[in-house]
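You will see subunit A twice below: alongside subunit B first, and alongside subunit C after that.
And then the complex of A and B:
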């Protein structure tokens, strides 16, 4: 049922945005698309939580440090949020701001990836005789 | 068993990691951030593959050591329970060896001289350096009676002194045997024993019978 909710919300929002754009109300069109995104995200939040929980349980069965796996989940979340923001900026015609948002996302992903990188380097150095 | 456990954990880790990674690959949004996520996932996979071996190295664990430890343990256990058995085995080996040497000397002498060997007593060195070398040989000989009957001659043997051998030999009359050089030479050449350590006696009982 969530699928129908999400699709219908999306279609209604699209129609609204098109109408608003035709009546030269671009600022409202932007707000509508923003709110639509947030609403859809709220609907799927439960499902995402379930999926992430399952993945966490799976990864706890391994001997690999759990922090590495949660780092990857964080990175995926960051990728989604950055994409969300960047697309809204692009919709508003602000390509420069969109690419700045993406730059920020990339930098933060790299920062999160650094511990994994360091751990990997440590491993390689340790395993050398 | 530790090796099997190790391999089992390792393969399990790799399998789970790849399942997770394939799920994550689907979830990742299709924009230009995907390659960064892929890079981090690649790191994670490499860590999953390498890290068990690093643990092994840190614990100074090696397959060889483990295997040899098992073997040595087994041997030690065996030794503990079979200490008596080991000394018994040594004694048996010594007995067999001496038996072989006696057999050899008997054959040698009966082939190359007129006498037949009735009894041999051998003592061997038991120290580390020349273990198994012959220390002393005592031979008790008899005239080869068959040969004598065929030839119909009587060997005259000088009798210098009569020694009564103690213990097990005391039932026999034995003479220190003068024409023993031949026999001594044979033995000392073959077994590398100095002549002083070879004593040859002649059993006179046989002679008496021939005389009578």
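And then the complex of A and C:
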């Protein structure tokens, strides 16, 4: 079961990070936590692939506008990357950098969501008498 | 994904820590600093390769072109 694998990797990596931090090698502690994040993500990668595939088929069957669904998917991907980077820098104690990364991510997501917003506005205007 | 990568990087970190203290005790502070720097650069090179692979996976997964 992947769950047991993920939890054991997390615990072992935490012990290693504490060991490294204690011998004041903070840069290696940061690198080990970064690598653990990558390893755990690659373990669950095919699971997410399966979920994305089923959602794709679902949206295709119910003839929803496919661009909306792909925009949602893009936003989820961007959110995950921004979260990954912000947590790593927050872990290292750099809250300023973390908030800058999050700001950038929010702006990009806002830009991506703009077409949907415009479409919604047009719809509402059409409905109003 | 190979889990031994975590152990490899952690062991390099610990070794460099020990090496650093040994060299400092031996009175060669700048030499110790240089070896730690070289170690960090090497490990960081490996990590950057992995990060770019992770971002490629995410790009393919979420169709983020």
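Quick notes on this structure:
Keep in mind that, in the parts below, the second predicted complex is superposed on the first by the 126 of 129 C-alpha atoms of A that agree within 3 Å, B and C clash if a C-alpha of one lies under 4 Å from a C-alpha of the other, contacts with A are read in each partner's own complex, and residues count from 1 in each chain.
The rule we apply is simple: a residue touches a chain if its C-beta (ideal position, glycine included) is under 8 Å from a C-beta of that chain, and two chains touch if they have at least 3 such contacts.
Predicted model, so just to flag it, every value in this text is computed and none were measured.
Once the two complexes are laid over each other on the shared chain, residue contacts for A:76 go to subunit B and to subunit C alike. In the superposed model, A:9 lies in contact with subunit C only, and not with subunit B. In the overlay built on the shared chain, the residue A:59 is in contact with subunit B alone; subunit C does not reach it. After overlaying the two complexes on the shared chain, residue contacts for A:1 are found with neither subunit B nor subunit C.
In the superposition on chain A, A:111 contacts neither subunit B nor subunit C.
By the touch criterion defined above, A:96 reaches neither subunit B nor subunit C. In the three-chain superposition model, subunit A touches both subunit B and subunit C at residues 76, 78, 80. Considering their complex, residues 9, 12-13, 16, 19-20, 23-25, 27-29, 31-32, 34-36, 38-39, 41-43, 45, 48-49, 52, 70, 73-74, 76-78, 80-81 of subunit A touch subunit C.
Residue ranges of subunit A in contact with subunit B, taken from their complex: 51, 55, 58-59, 61-64, 68-69, 71-72, 75-76, 78-80, 82-83, 86, 102, 105-106, 109-110, 112-113, 116-117, 119-120, 123-124, 126-127. Residue ranges on subunit C touching subunit A, taken from their complex, read 1-3, 5-7, 9-10, 12-14, 16-18, 40, 43-44, 47, 50-51, 54-55, 57-59, 61-64. Those residues of subunit B that touch subunit A in the complex are listed here as 9, 12-13, 16-17, 19-20, 23-24, 27-29, 31-34, 36-37, 39-41, 43-44, 46-48, 50-54, 57-58.
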